[in-house]
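Each chain gets a letter, A, B, C and D, in the order it is written, and its residues are counted from 1.
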Amino acid sequence: MRRLGILTGGGDAPGLNAVIRAVVMTAYNEQRCEVVGIEDGYDGLVQAGRARVLTVDQVRGILTRGGTILGTANRGNPFARKVLRDGQEGIEDVSHLVMEGLQRLALDGLIVVGGDGTLRIAHELHQKFNLPVVGVPKTIDNDLGGTDVTFGFDTALQTATDAFDKLHTTAESHHRVIVLELMGRDAGFITLHSGVAGGADVILIPEIPFDLAVVCRKIEEREAFGYKYSIVAVSEGAHPKGGEQTFSRAGDAVYTPRLGGIGHQIGAVIERETGKETRVTVLGHVQRGGAPSPFDRWLATRYGAHAIRLAAAGEWDRMVALHGQQVTDVPLAEAIAVPKRVDPEGEPVRAARGLGIVFG
Amino acid sequence: MRRLGILTGGGDAPGLNAVIRAVVMTAYNEQRCEVVGIEDGYDGLVQAGRARVLTVDQVRGILTRGGTILGTANRGNPFARKVLRDGQEGIEDVSHLVMEGLQRLALDGLIVVGGDGTLRIAHELHQKFNLPVVGVPKTIDNDLGGTDVTFGFDTALQTATDAFDKLHTTAESHHRVIVLELMGRDAGFITLHSGVAGGADVILIPEIPFDLAVVCRKIEEREAFGYKYSIVAVSEGAHPKGGEQTFSRAGDAVYTPRLGGIGHQIGAVIERETGKETRVTVLGHVQRGGAPSPFDRWLATRYGAHAIRLAAAGEWDRMVALHGQQVTDVPLAEAIAVPKRVDPEGEPVRAARGLGIVFG
Amino acid sequence: MRRLGILTGGGDAPGLNAVIRAVVMTAYNEQRCEVVGIEDGYDGLVQAGRARVLTVDQVRGILTRGGTILGTANRGNPFARKVLRDGQEGIEDVSHLVMEGLQRLALDGLIVVGGDGTLRIAHELHQKFNLPVVGVPKTIDNDLGGTDVTFGFDTALQTATDAFDKLHTTAESHHRVIVLELMGRDAGFITLHSGVAGGADVILIPEIPFDLAVVCRKIEEREAFGYKYSIVAVSEGAHPKGGEQTFSRAGDAVYTPRLGGIGHQIGAVIERETGKETRVTVLGHVQRGGAPSPFDRWLATRYGAHAIRLAAAGEWDRMVALHGQQVTDVPLAEAIAVPKRVDPEGEPVRAARGLGIVFG
Amino acid sequence: MRRLGILTGGGDAPGLNAVIRAVVMTAYNEQRCEVVGIEDGYDGLVQAGRARVLTVDQVRGILTRGGTILGTANRGNPFARKVLRDGQEGIEDVSHLVMEGLQRLALDGLIVVGGDGTLRIAHELHQKFNLPVVGVPKTIDNDLGGTDVTFGFDTALQTATDAFDKLHTTAESHHRVIVLELMGRDAGFITLHSGVAGGADVILIPEIPFDLAVVCRKIEEREAFGYKYSIVAVSEGAHPKGGEQTFSRAGDAVYTPRLGGIGHQIGAVIERETGKETRVTVLGHVQRGGAPSPFDRWLATRYGAHAIRLAAAGEWDRMVALHGQQVTDVPLAEAIAVPKRVDPEGEPVRAARGLGIVFG
């Protein structure tokens, strides 16, 4: 009987537990192999003994739960692990310990569930040590290549859209500008999709540098038409065209943000420039949690089922993926080669522009 | 300036208003054409005067609302309209009145949002009278050809999955079998997807005739393993292999259902055959309502935007569609040629079987 | 160190686990006593060995879960327990076994969480055997005396109200009458509260026998005012004035219901009498499940904390209760003396009537 | 026929529209009086012409919507209104214009829906000008005297508790401390109730000054017991015992917050002192929005019905209130005399402490 390990890495995303459950149940019902759950990502392999056999009973009831019963890595990349030596922080390559951990646990292969970083490490471990590994893509940002969608994204969208719905009526009743800052350092998918779904008037994403003068003009145009409020959606990674100085319409008064985030920065400028009362909300980590949406459960379950089949068949260095409506798989290298970004000229952005939404 | 009509037909589906809003807003902001909203489906054309120009202001705030501000048809197909004549119900072909209605309203074209029936009529009107028409697919059942997904389906899934989540803990605490009957006369997508997402043990869909003996055996096996409860998902259109007599395991005692629906029928058999307390819930019309999910708002909005562009460009007899992540369009004829069904041998069903789910 | 048992009985209600958790955590942190969880209600005492010590670790994460980790009784009342003897169903008094079970588990007292039936048994066991018992009221119907509110009710209201919200837009778009049948055999609280919160036009509850002629007139009046739809909320225990014959307005055509429930019965009459398309939904057991609402978690937690204090202090034969905003306690006898019902002349019903809602 | 005005003031709270709807519908169906909706709080009276008769049709569909269709005040207190004069901001008493506005609109009385500030103005207008006024209490903070509960609070609790639920699994999976900052400048009800309902380990509220050393010790104790994560709930108005210097356990290193809010401040200290990765979320304005919960719709509806009856009966200078389960009324003076605060020694706080929750 084959014996396969599973670990989860990186930031939280709703659906991790659904993947684990599907792997364990499919292993038991169909593949007749054993699954070993490894704790806290690669750490559980590097540090001996942080693993346990996962039975069907242990994955009962976790389908609907956010988070991961396996925990995720604290100390990160085994190729460049943070260590304390003589009171000094340093970096150490402990990647060989991953292989030793695998052998000590007598594993025939490893399923790694994670985002860009975690999967890149998996691929490098395969290249360097021939690690028998299958990847499962996970990111709420939906910025992974090789697959149409990752699980976690749909649930994050629901959380973000729900926030827009709640803020909308307050903005309208109180004649305010509301700025909602959402996750997305490099990719604006959450902000774009939830902004459209939540009825935002302005959407600012990393892929399209913005001009606050355009944003303020939009707000004033709405005012002129009798809409005394506006909703601005902004990714944490959005940034102005040409740098910070463009934050001032006058051009002479560079705004120095009191608070770190882009949301608070542009909120202050908008209030000053338009004279409209402006409120900023930074949604933060709630976007990473919660019971996975039906779509994410469905996708995560199929990903898990496909991953254990690949592993049982010994098809290593591949990542499960969704193409259209079909769960399939691609080389891990392909998945991490080019990250996915919102296409500034693509149909979705054009659809949003056509509705009158301004991207700055 | 072009002047285009829009009507909604058929059963309710969350996202209809989002389509209408996107059509009107894109018409205003991008296409500079006028949109006329026609009331109650084709009825509003057949009966003069049931239409109004839709302004941007009139579609404010409807993005998040279920239903349709235009209403849907009561009297159905204009090729075979129900009429009362001398106290007798009859059928009449009034399809020419659709064209007259169009001309009376001075419309350059029509956007029809609907399911299989509504779109088929649109295509026939195009064939017979050269009706300038663009279709937008809508069905909570996701059973339309030509497109990967229809709006309304994701929201229905959420309602169905939420019901499973609620029933689960009761089943478990009270050691019961719970049967949940969901919509789907011919297609089992809602039941399959929500059954997997909701952790069902048995999934019965129209595409896979079931054997209740297999269902009861599954429930008893679970019992033997210490799981004193089971969840059975069943489409309204599911049916037994070879007809009703297989409802009895013994073969001799044909069960005559006291209540109409399949859910109550199989619930009664399961209770009798397994001796386990069984409760049946028929979720019904709540599956058609509610605020559309973020995905459905996003899809419906892009469908609306694409539809008005097609109409403005005079690309008639086509239906907007989602292929992979891309909104595009296909000939209406293609969309209605072959309805979509769950593939009994497809990857999703195999994934579910691998988890241990029984399809009867 | 005191050792106290806890059991849960009767139908499911969201918040049972929150009570169990609060009892165990307060016992550990404040009262320094031990809690033994008894399985499946009184059955776990009657049948030896169905109990386990509950540690703080075992109640982690259950605050948000519906159902009860202890299960509830299958075989019911120990004073009149169903037994099979020589293939015949009979009734047996095994109440003395409850006391024996208590002694065998070396319990100093018992906390019983349940509705009218479960608490009545607790009180009778106290009277007959001096059982050291504290009751915690639980019912989604809110029909228990001695307390303003029971946990479970608020969550049930949310489920019911959510159904109204979903049905509303469909009713409106499709010009239909929608009948929603809700739980409540003897008490109409769920139907009244959710009917008002869900914008129902007609509310039929057990406490106010209805006249369908009045109901149909209301629907027709709405039609006359241009509201082409109506929402009818009905408790499963609602019944017509003077019996079934009043179901016909004409008085001559007594309707014989094809389906058991009151919802389907009145739906058929309304459709026939008003000529309006009518759809019926029976919400069923979803009303008993789901994650408890914040209010129910808050109330259940305080109930649990108060219950363990009473038990630790040896204040037996009492039930925890909410009076106004205050958690307190009352004699068990008082709680079960008079069930709570909707007052047909009370302020809430008058408020609803003032809004134009018809009670038949 | 009497003619009564209604205005809404102060911050947003779910249920405002439900009050307006109940007032209008009860006025129409029961009291046969006319209701005039005044825009933007007292501003709509001070500035002529900002009012309209509210028909039953105009309040259709608003029961479920957050915000207020009437808007709320921008320029605030008519006794001390902000004005611009010669480019200078000043203060002006325009309270007499409220009375003039009332007369110009020919109103027999006024219903004022608002919080502490808005109701205080109402009472002062009554004292000074004999304004015929009835108050309806509104605040998400639940800090108004004279009533057990205000509408808006239950919905805010749900939003806050939902955030805890989402953050919980991330905290657990990632071994983090999560700090959630909630609304409440002077009253900690939202934080206390949602903290308990959301399973927080530490709850910091304005009424109980905290000691961060105690907070850090709690987190470390949990760690020692194997719980590698902790959840800290904090009101925006919470503050340390004796001032900021106690933020350092060492006593020597006073922490100077980089970011304004208390959440970020204590998060930084906790991370430094415990060495645990800490994340802070400031939930912000989403707490004020959203569809009102069933309880809030039910309460707001009864408040509205009672208010219009008081107004129709000429019972001025009173506020509607909930006492226990009963909607009643109290003198406005009583309601604003003493604000409501969490009792640091009350049963709810004791229950929370008994569960092991630390209040710093």
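Some points to look at:
As a working rule, a residue touches a chain if its C-beta (ideal position, glycine included) is under 8 Å from a C-beta of that chain, and two chains touch if they have at least 3 such contacts.
Quantities reported herein were computed from a predicted structural model and do not represent experimental measurements.
Contact with subunit A and subunit B alike is made by no chain in this entry. With centres defined as mean CA coordinates, subunit D is found 34 Å away from subunit A.
Between the CA-based centres of subunit B and subunit D the separation comes to 41 Å, rounded to the whole angstrom. Each of the following residues of subunit C touches two or more other chains: 165. If the chains shown are joined wherever they touch, the resulting network closes on itself as one ring, and no chain has more or fewer than two partners.
Considering their complex, residues 22, 25-26, 28-31, 63-64, 148-149, 154, 157-158, 160-161, 165, 193-194, 196-199, 291, 293-295, 297-298, 301-302, 305-306, 309, 323-327, 347-348, 350-351, 353-356 of subunit A touch subunit B. Against subunit C, the residues of subunit B that register as touching in their complex are 8, 11-12, 16, 40, 65-69, 71-72, 74, 159, 162-163, 165-170, 172-175, 178, 258-260, 277, 279-286, 288-290.
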